[in-house]
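Each chain gets a letter, A, B, C, D, E and F, in the order it is written, and its residues are counted from 1.
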Amino acid sequence: MTPNRLRTLWQSGGAAVNGWLAIPNSFSAETMAHQGWDSLTIDLQHGVVDYQAMLPMLQAIQTTETVPVVRVPWLEPGILMKTLDAGAAAVICPMVNTREDAQKLVAWTSYAPRGTRSFGPIRALLVHGADYPEEANDFVVRFAMIETAQALDNVDAILSVEGLDAVYIGPSDLSLSLGCRPVFDDVDPTAQQAIEHILARAKAHGLVAGIHNGSPRVALERQALGFQFLTVGSDARLMAAGAQQTVAAMRAQAPAQPGSGY
Amino acid sequence: MTPNRLRTLWQSGGAAVNGWLAIPNSFSAETMAHQGWDSLTIDLQHGVVDYQAMLPMLQAIQTTETVPVVRVPWLEPGILMKTLDAGAAAVICPMVNTREDAQKLVAWTSYAPRGTRSFGPIRALLVHGADYPEEANDFVVRFAMIETAQALDNVDAILSVEGLDAVYIGPSDLSLSLGCRPVFDDVDPTAQQAIEHILARAKAHGLVAGIHNGSPRVALERQALGFQFLTVGSDARLMAAGAQQTVAAMRAQAPAQPGSGY
Amino acid sequence: MTPNRLRTLWQSGGAAVNGWLAIPNSFSAETMAHQGWDSLTIDLQHGVVDYQAMLPMLQAIQTTETVPVVRVPWLEPGILMKTLDAGAAAVICPMVNTREDAQKLVAWTSYAPRGTRSFGPIRALLVHGADYPEEANDFVVRFAMIETAQALDNVDAILSVEGLDAVYIGPSDLSLSLGCRPVFDDVDPTAQQAIEHILARAKAHGLVAGIHNGSPRVALERQALGFQFLTVGSDARLMAAGAQQTVAAMRAQAPAQPGSGY
Amino acid sequence: MTPNRLRTLWQSGGAAVNGWLAIPNSFSAETMAHQGWDSLTIDLQHGVVDYQAMLPMLQAIQTTETVPVVRVPWLEPGILMKTLDAGAAAVICPMVNTREDAQKLVAWTSYAPRGTRSFGPIRALLVHGADYPEEANDFVVRFAMIETAQALDNVDAILSVEGLDAVYIGPSDLSLSLGCRPVFDDVDPTAQQAIEHILARAKAHGLVAGIHNGSPRVALERQALGFQFLTVGSDARLMAAGAQQTVAAMRAQAPAQPGSGY
Amino acid sequence: MTPNRLRTLWQSGGAAVNGWLAIPNSFSAETMAHQGWDSLTIDLQHGVVDYQAMLPMLQAIQTTETVPVVRVPWLEPGILMKTLDAGAAAVICPMVNTREDAQKLVAWTSYAPRGTRSFGPIRALLVHGADYPEEANDFVVRFAMIETAQALDNVDAILSVEGLDAVYIGPSDLSLSLGCRPVFDDVDPTAQQAIEHILARAKAHGLVAGIHNGSPRVALERQALGFQFLTVGSDARLMAAGAQQTVAAMRAQAPAQPGSGY
Amino acid sequence: MTPNRLRTLWQSGGAAVNGWLAIPNSFSAETMAHQGWDSLTIDLQHGVVDYQAMLPMLQAIQTTETVPVVRVPWLEPGILMKTLDAGAAAVICPMVNTREDAQKLVAWTSYAPRGTRSFGPIRALLVHGADYPEEANDFVVRFAMIETAQALDNVDAILSVEGLDAVYIGPSDLSLSLGCRPVFDDVDPTAQQAIEHILARAKAHGLVAGIHNGSPRVALERQALGFQFLTVGSDARLMAAGAQQTVAAMRAQAPAQPGSGY
């Protein structure tokens, strides 16, 4: 079985440049997969994508070396297990607010005896190899999203759950929950402190830290701080920003602020 | 941001004529959207529609002034949030049976500090405007379905939950739960009493009341009682009824009873 | 192999009541198929349906005794053959204007030695039986649309092509081509004369005559004239007409003229 | 209303040969439905199929006498109810581990007063008949999957829940949970004992027992033990096994072990 | 009926900024439609889009004021007519090489007596208004692509066909046909001369001239020459270019040359 | 640019084992792609697959080393060019009956100056490399189907067309056209003579010969005769045959004749 390239990259101290897929289409996914991202995350939460649309997107990503990641809509066993069966190499779970949430995440994504994931890796077996059943627990990367005040309070209880691999910070949700403006970059000081605190605790617990960014500038700053999984730009946002610039250039007027979408 | 036309209509004392979409297709949705309904509800619960099929239906409705409403399959955070992110202006949640259910409904559909809705209004931002993040809590209309004996018992506890905008009555479920025949119109007396009680309590709590009807006749009667959101007729039922009448006319025989489907 | 119920009906002197499917969806098709039509025609020409959407619609119709008919977009061999392979029991071909057109229609829909249909009845074999290869030429019904002034001039040359089973008249196209208003019913006198002439010539050549109607009233009149395949009402039109009536009833105003769509 | 052919078969002491559908497509489903299976199960759990893809598959199965069964992804009310509304004649629910789980399964799939299933059988009404509302509770077959050590401990508490019709054993999950190899056939002795124990307890409680098998050989052995619902072979596995044999024959080499997929 | 905004713009001497849609998805189409383009062209020729995928894309564009244009795969009556029935306000036809080609294009897109377009404007009627039948001939814009040496030879014979509204130049095809490099911008001198010749002849015949560009820089140059329909940038190219820049910024290396795709 | 593995294989004197895809689904395609075929042909002619369904199937095949081939529905420029733009490495064109047909096939699939293929290799550029424009003419493999009496008469005129790479024989169509039974294997003597004649002429003209087979036995015989592209088994047939054997084994009765479908 081919190792999970995210793990390989992290073990060598590297940081992954992650793209984001919100358009429910396999051709846009494949086009993105050819642009050099380390990984691409299909967003089943806020992207307009559901399970069936995700499937050919996973296939499209699989035509390249890019690691397929999926953000599930919620901490629910059905979709977490179906996502892994479909071949996702990593899952990002939103709103992991308590230790119990984190335990569920690990349990539902791990085969016995480590967890209670149901057995039936239909596409995973096809694409990851015949030893997937034995290797899956160690192959799959589990990201818990720390993005609320409640999660912040429980951060050590969450991060000490065995089997969790990484945290992923949603700056806009975290900000909102802390009473700050819901933005990806240049967050308010309270949110910034929280972000740095989560990063520090993740490091302390031996976990990788990832974060959602609105621009390469901020992503690079955060990489410098120690983040090792940096989302920057989604299919829809990159397309919209490019379109805005193009239309503005044609109209000889200043472009709208790029990146104003979600 | 354009105001929610349902709110505008209600504030002027009007009642909304609501159509129902059970066919998972954007062309039938667009055809319905051109027939003059105030709002159209995409039914993810009993309609044969899921999230991905709903998306182009929302787009099709958006080509007109008709307000897009979605009935979610169940009180679950994932689908409630995805539905709003996709641009629904109102959500109808089935089987709200307790005060806690109603609180969850409000929380999951409201951004902090009012609730815990996760931030990522990908299509809502596109179609409702750049100020959607600030305005969404007040823009979105939340309907709790009161349709069981249990909900009837808890009606004041439910209706007094802050942030709830409206109730929606499913006469067939309510009837069934009360031991009556599961019909939309001409319900048994016990069910009729329950319906009028819910309406009275909604008014008392300052909420709008809506109800599912099988015919304009009954819908108009209920409008006269004070209901302000009147569903009457679905895409599939209207098509089937028209087909039955046509075939019967061609065969020179009495038509089957129209409206015998769900 | 089950006989083609259209042929059986016609041989007994009966007329088929045909519904029309313009919505590219299998649930609307199945709903229509349960309303008692003798046949349902999936419209690949003016309906918003293409081949892939047609496939589950054919399956949906197949859950009932209704005969599946397809109107192809144009006189082209690829789609004619794919349609039959997919299990259509009859095909309607638009704009058959010359004897050569009619000969192509027959050839492309008939196996050698009668024609040049390519062999590969993948779904037809599944649903019509193992003897489909031997029986297909006699099973399939071929309708040539006579709907232009040119076709009218060539009517006998067209209708005398061996292997043609039926004509189908498009009153709006025929009207337009003759300089009349493009309507289904109550056509202008010139168009009415043309319709009756085509009917008479079809009878003379031993062919069945079919026609598109906008209402049961006119369909019954035309049936009385001798037409044996009467389309009346489409999924989209019936739904829209029902919706208009419903909305009008709710608004206590006169409904828009039903049937104003295509 | 036509009786549920699974019930009829079981009442006569027979065993159902059940095929499995993991490919999200209506043509593969229809092809399978023509091969003589008593029932076909659409797998929403480990198959790569979701609700919307299931719908035309149900229609495709409905073109034959084969009984349509659905395995839902998880014990959740939304999908259980939508699946029945869409016309499934039986549901298989994974991971029923406690008496409470089994009670939920029965409640969510039964109309009041027996349960709390919401009323809206949109396609079920169309395909099963106008008396579906009255007959549905007795028509629908409910399978609880007993496939964990916990369920084994609770087996009598689960099986004595009124309204449950059958158990379904997932040998690979059960094996995994008991510390054995996750296989369908030729399971480890501990798993074999568990399987026989569940079978015995099902019989004692008057329930039908079903099981997932990897080959006809083992399925026949288990049928001889008393199992009356025998899954053997899925669309994807049969296709892959046939392809492996074909390629191996062409390469004049031994085929890979057939059936190595999920 | 709302006038065709392309015609309005051109009549005022303006030039349309046209975006290009190659991704077969309605959400990417809707996102593009919100970026300020005058028109968006769905590419059924070289985009990976077919008729059924186009339909919700047309609906998505219709949620805005952007004019929906479609490039058909080839000069064929079936798809040209279906495209207009689906609501396209303009069609671009590739490889119009002879006067006869241009005559067919006009005939197939015009109702009698001007042409032979078949009547059935199913969605056009819905979205463009009840007077579409009378106004369609003058509403629809017909672009003939002049993009081969043969077309260049026949340029006056083509451009003088009555009913043709505009030419559209494909610089890469034209270049290839003239023995030059197949690029959009900075074409070889022979191709440049051809482009300017076509522009001049279009002006002489009173037609609008449009052209495909790879960058705003060249599009603006060509606008200055007199082109009034300027395609610049496609959904997929803009997304890919943005992704390349982002990844390059993250890797602190020079980006790949943007715009290297089709 | 990676060489076309079909060419590489043939140049070394090898024969390609080709699988056939008739199910319009990317998961079945991907499952097939993992079974060791040299190439897989997506059948747009007799398979129930159209362009849009083909796209994710091509992506699924691309996850492996298997060569993606497409059989187009008919000799038409639109679909031939779209198929190549979508990344097909080879095309099979049915019913090439005359020298002119073969010339069109070559012209429409070759860029100038060799042909008239329109430029826009949107996905081909992505998956085959940046030098696709220069290399495409030599990369793409063009199969002309010789499968009628007319083609047999014209065999040398067809095979001598420059740019044609291979012939592909459809034994059932060829048989039918010659008055024989439409079977893949064990054809009638007249058809067998024709097959051997076409093979001999292909060899004489330096072309590769391919043929459709119903079983490995016959495919191996034909390989021994000199055929170098051997289709044996389709997704749907392999699945159906496996299902028949399984059901028969369970019923302890003789299986139906496998391979009785198309």
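Methods note: a residue touches a chain if its C-beta (ideal position, glycine included) is under 8 Å from a C-beta of that chain, and two chains touch if they have at least 3 such contacts.
According to UniProt, the chain labels map to these proteins: A, B, C, D, E, F = 2,4-dihydroxyhept-2-ene-1,7-dioic acid aldolase.
The model shown is predicted, which means the values in this text are computed figures rather than measured ones.
Among the remaining chains, those touching chain B as well as chain F are A, C, D, E.
Annotation: the chain E:chain F pair of sequence copies touches via predominantly different residues, less than half of the used numbers being shared. Interface comparison, C-D against A-E: more C-beta pairs in contact at A-E. Greatest centre-to-centre distance from chain E is found for D, with centres as Cα means.
Chain centres computed from CA atoms place B at the largest separation from chain F.
Between chain A and chain D, the centres computed from C-alpha atoms are 34 Å apart. Taking each chain's centre as the average of its CA atoms, chain D and chain F sit 38 Å apart. As a whole-number value, the distance joining the C-alpha centres of chain A and chain F reads 41 Å. Listed for chain A are residues 22, 24, 27, 31, 34, 48, 50, 52, 55, 76, 79, 123, 126, 236, 261, each touching two or more other chains.
Contacts between chains, counted with the stated touch criterion, involve the pairs A-B, A-D, A-E, A-F, B-C, B-D, B-E, C-D, C-E, C-F, D-F, E-F. Of all residues in chain B, those touching chain A in their complex are 50-52, 55, 76-79, 81-82, 85-86, 111-113, 116, 118-123, 125-126, 130, 133.
Residue ranges on chain F touching chain D, taken from their complex, read 17, 19, 22-25, 27-28, 31-32, 34-37, 48, 216-217, 219-220, 223, 230, 232-233, 235-236, 238-244, 246-252, 256, 261. Within the complex formed with chain B, the chain E residues making contact are 26-27, 30-31, 34, 55-56, 59-60, 62-63, 123, 126-127. The residues of chain F lying in touch with chain C in their complex are 22, 24, 45-50, 52-53, 73-74, 76, 79, 94-95, 147-148, 170, 172-173, 176-177, 179, 182, 236, 260-262.
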